[in-house]
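Sharing a structure below in structure tokens format, with a few things to ask.
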């Protein structure tokens, strides 16, 4: 067997989004000298970290046939709380960080519990929660507050032998998410639930527990994303998370996860996050007028969802 | 049991309760509001409230169809913005352009809806993401077209007419909203299209077997949504004149909240325009109440969230106890 | 650490602004920034879909066209998202600009990005609402907001004869603009015991929102003598709400800015007036950038003055054939938006 | 001592009492059949026993000990396994993964071991002689195979009690025989099998004890020996029902309505005359549904051509419906009912042309005609405005029949029309089909119940491997011959 025979099936099995990413990078590298610098690549990776965490968390929820619209505002809340905490309790960095992660998990737990208890559609519940959290943020502050701490700054901006610290964290998180979702029993059950919640329940799976866990994980990841964002911004900006929930959903869907759930590919989701980051970077570098950039992004979202037509969307018999 | 026995409608059944729920909430809220401020019981004020709600309400009428169909239309905020901008642009400050402007605006709104509908029906993709993408596209187009400043001038008489009060009580714009609702109810309950929307929304597979043209229905429903969003944009223009290039920003969420409040949920085949009307009013009364009570902006956001959750939970609960066997 | 060094200025104290004017007049050492040859200038806008910022951006383009040494001008739009703005600034740096003019979405939130720019020797000039005093910010092109608001408030109190119940319509809650405006108003009101501030609302610069909020206020308060609203766009919403409630006769409005819709209204009503909003900051910023990069002599900041326009003057200055969403400028036709 | 008992078990649904103080007893080592009309409460009882729904009051005892389950998992670990009336497998997963869902095999680090699942599933199916490929995706299986999968899943747990809620609804004769073998083996090992079926012959064949339910009450529990068919029907319905004597009316020899080419193994053409009832018999997965759906324009009609009254059938479902060929699905839940919609809306869905003009609906006429028809079909419903999901399976089927009838069919294809339908309602459906036939409607009836086919059809086509193998006139047939033909043993 020659090499081509080995390589071709490998490439043909790559999810389309990975192709899109590779093509974008190749195109950028060919046509834009500023794009192909190592520094720029590292920039893009660093810029994508927040969304990466968020999308990974969202992947758990969507894989289970649920959705979490509250993550964007949760990121905002964590950013604000973290920076307020760092400022109010100097020297207590670690407890504040842990507290923020706990906050994320607790909000996730509230989402999960309410969905289980009230038996209402997740889209609506988390949509309501989005508004509630936004209200909470503005009750805490209506302007930038507090500041971040060096450790958090380092996670957001630092480089370890030239590699962004955030990238290393993202890779670790991706590996964990891959194991949890695509290898472990938990992920298997979650996917089963995504395919058919009632069948999963009848098979004896604890669907309420699964949903709860998925939301807790999503909240936890949002907590991490919020901390990274606190590092990036250096301050708690109340509107920091606006719209991130939609970005994270777009990334997960671009990563080939049907919104109905039941299938997931963590690596493809990561590729989707990078794709979005790269496109934004490349358009900026190629001096595309800003309004045209917006248009292009919209078209990409539409094209992507059209191309990524999931199998389940095939015509019923 | 005789045919007439079957055909007889029971006076009160749980599932009627589902339909009535939002109206009951509306009534309770109104009474509660009346205690807080007498104004809420005055016709004048209520007219004002309906007028305030007109842009969002008219848009919500269209979105209701899409949601009955198991879809969602997040592009309406952008369409409203576009319509307001385009309408003022075509008016160009001249009275003779008025009808042309309204025509062009409705056409562009429907056109975006058509694009949504075609892509969703033929692409069979998630309407959530697709219309989200479309809203970005429309927003980008508007910004490109205007360069960031809204350059239109409304026709003389346009705003004056729509902001007038008939008999000094009922605002014209409020009547327009009510007319939109009536048209919506008529479409939904008296036409083939409306029935098709319910059938396809309730079960697309069954609809196919019953020979219902699902693609056509989907396309028309999104067109209707776009059209009503266009009208919503005109209503917004009438209310507030030319105000920036993105006056409808974020409106899709209020619209969505109102429709959900009315009981048209994402499950498809449920709810309707009448309930949406009530939903819009509940939302606005609640927010006005918060305002009148002097609650800060932040508290209002929280209240909005809680209302959405509570309303939806109530619908879910009534739905379950209403003899619906599906989990 | 990369951030947090920005000097916190207390926006609610008048003394801060005296301090700012003092700083502004200090000479700036431009030697470290001097560049030979062509210049590339980047602009990072917090959000562009707003007429004022849009016009200012056009001012920037126009001014740049007058400087042959400027080879290229690059504009990015963060869409009100500080994360995106930080990334935009990164990208501008990557494309090798010599100076970055920026409207911050949030001053503190983009400090890390500005620091990076500063470390790479890139000139950073703030055109935002606030004065920024920080090593990472080379210079400011600044409209004295305290002065602007003072002009508005003084005129307003004057036309009310120092008494009456008033409401305030402020921009986005928590934004510096809202903070400053409320502070000036409250300070001035201390001297007028007969004036009562009934409620301060946040209209998000939005005519529709302002109108709706006013409608509610009209419901709440049987008598409202005046409305303080330094942004003409929102003033129009207030006006409409009073009009539709049939209570226009009780209303006295504060002057607004030179937003065309508002100036038209002032011209029609023959009262209330407006205050220029300092669109020239755009041109001043480019000039400042060129000065710094060519090593010319300049001060640490350029302060653009504002001026009260009485209703009579508004009559002369408004452009009745232009849309509401417009500003009167001396831009040549090809530099007007679109 | 009784293995399974219930004490005053009651379950209320809004507007219905599905179970009224049921005191049910069953021993280990018996096949205990539960009979009753549609909506009698059989499924509800089983769902309570298996922890799927909670009782409103009352107790369940196993081996004399009171138990209470809140989830199916708890019931399963207490030794109760259930095969639901509705499918509960996940189409996207493989057979093996479905079987072991919730009890996966693991490699190190909690990683799911799919290979092991596959081999264990193969072993399991060999043990019980179930013919299923463990690695096949469930979505590609026909309904019958999915039913077998449900059974395999229940068998994979070491259950003391196995509940089968209408397991043979989709099975053909040989599958059913096979199933009965399995059931007997299990019984002899001391298991209690609770068996629900509407097919009385089956009950007499397999059951040791029979419990009868009516309107949520347990009306009798008898040894099979002390019961005859007539008595059982009387217990179920509360009154006498005349026996289903098969009377095939002789055909008046009407005009040809439907011509089908390209589906027979010998390239002959199939003609269907006005008023004729043609049965399609065959084993599981023989391709009967597939023939029907191709005719109805729901699947590409590869290789098949068909003409209705001389005109070629259109290729799309809506077009076919317009020409007068109506298909009644075998899968009510999937593509039959419109869940949240009212009964009249469900009934008139395929006849909106008739109930509207120029795009506007004639709602009053729609409602009254639907009500009249449903009343003729003896629909049992508390109100027409209830969502159709509030009806029992049999009544839902009646509504679907009403839909088909309102579409004014020239040709009616009904796929398993009596599946899950109780004795009384069955009679109604048979009567209805005969009436239609008399009125000149040509009918294709797909059924896995051979006696039903023999009783109803003028001719029966035997389907094997997706093609019609032979068409036999009713007079020449008996059940035995039919089985041989379907299995292919007749050729020898």
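General remarks:
For clarity, chains are labelled A, B, C and D in written order, and residue numbers in each chain start from 1.
Throughout what follows, a residue touches a chain if its C-beta (ideal position, glycine included) is under 8 Å from a C-beta of that chain, and two chains touch if they have at least 3 such contacts.
What you are looking at is a predicted structure, and each value in this text was computed from that prediction instead of being measured.
Between chain A and chain C the centroid-to-centroid distance comes to 35 Å (mean Cα coordinates, whole Å). Chain centres here are Cα averages; for chain C and chain D they lie 73 Å apart.
Centre-to-centre, using mean CA coordinates, chain A is 45 Å away from chain D.
Within chain D, contacts with two or more other chains are made by residues 298, 335.
Taken residue by residue, chain B touches two or more other chains at 143, 147-148, 205, 208, 267, 297, whereas all remaining positions touch fewer. Multi-chain contact residues, meaning those touching two or more other chains, occur in chain C at positions 48, 173.
Under the stated contact rule, the graph of chain-to-chain touches falls outside the line, ring, star and complete shapes. By the definition of touch given earlier, these chain pairs are in contact: A-B, A-C, A-D, B-C, B-D.
By the touch criterion given at the top, residues 1-4, 45, 48, 74-77, 79-84, 86-88, 90-92, 94-96, 105-112, 173-176, 179 of chain C touch chain A in their complex. On chain B, the positions that touch chain D within their shared complex are 1-10, 13-16, 189-196, 198-199, 202-203, 205-213, 267-270, 321-326. In the complex of the two chains, the chain D residues touching chain A come out as 52, 71-73, 76, 84, 87-93, 98, 101-104, 106, 109-112, 153, 293, 298-299, 335.
Every residue of chain A that touches chain C in the complex is listed here, in rising order: 34-35, 37, 39-40, 43, 47, 50, 138, 141-144, 147-148, 150, 153, 156-157, 229, 232-235, 237-240, 242-243, 280-281, 284-285, 287, 289-291, 293-294. Listed in rising order, the residues of chain A touching chain D in the complex are 179, 183-186, 188-189, 192, 195-196, 198-206, 262-263, 312, 316-317.
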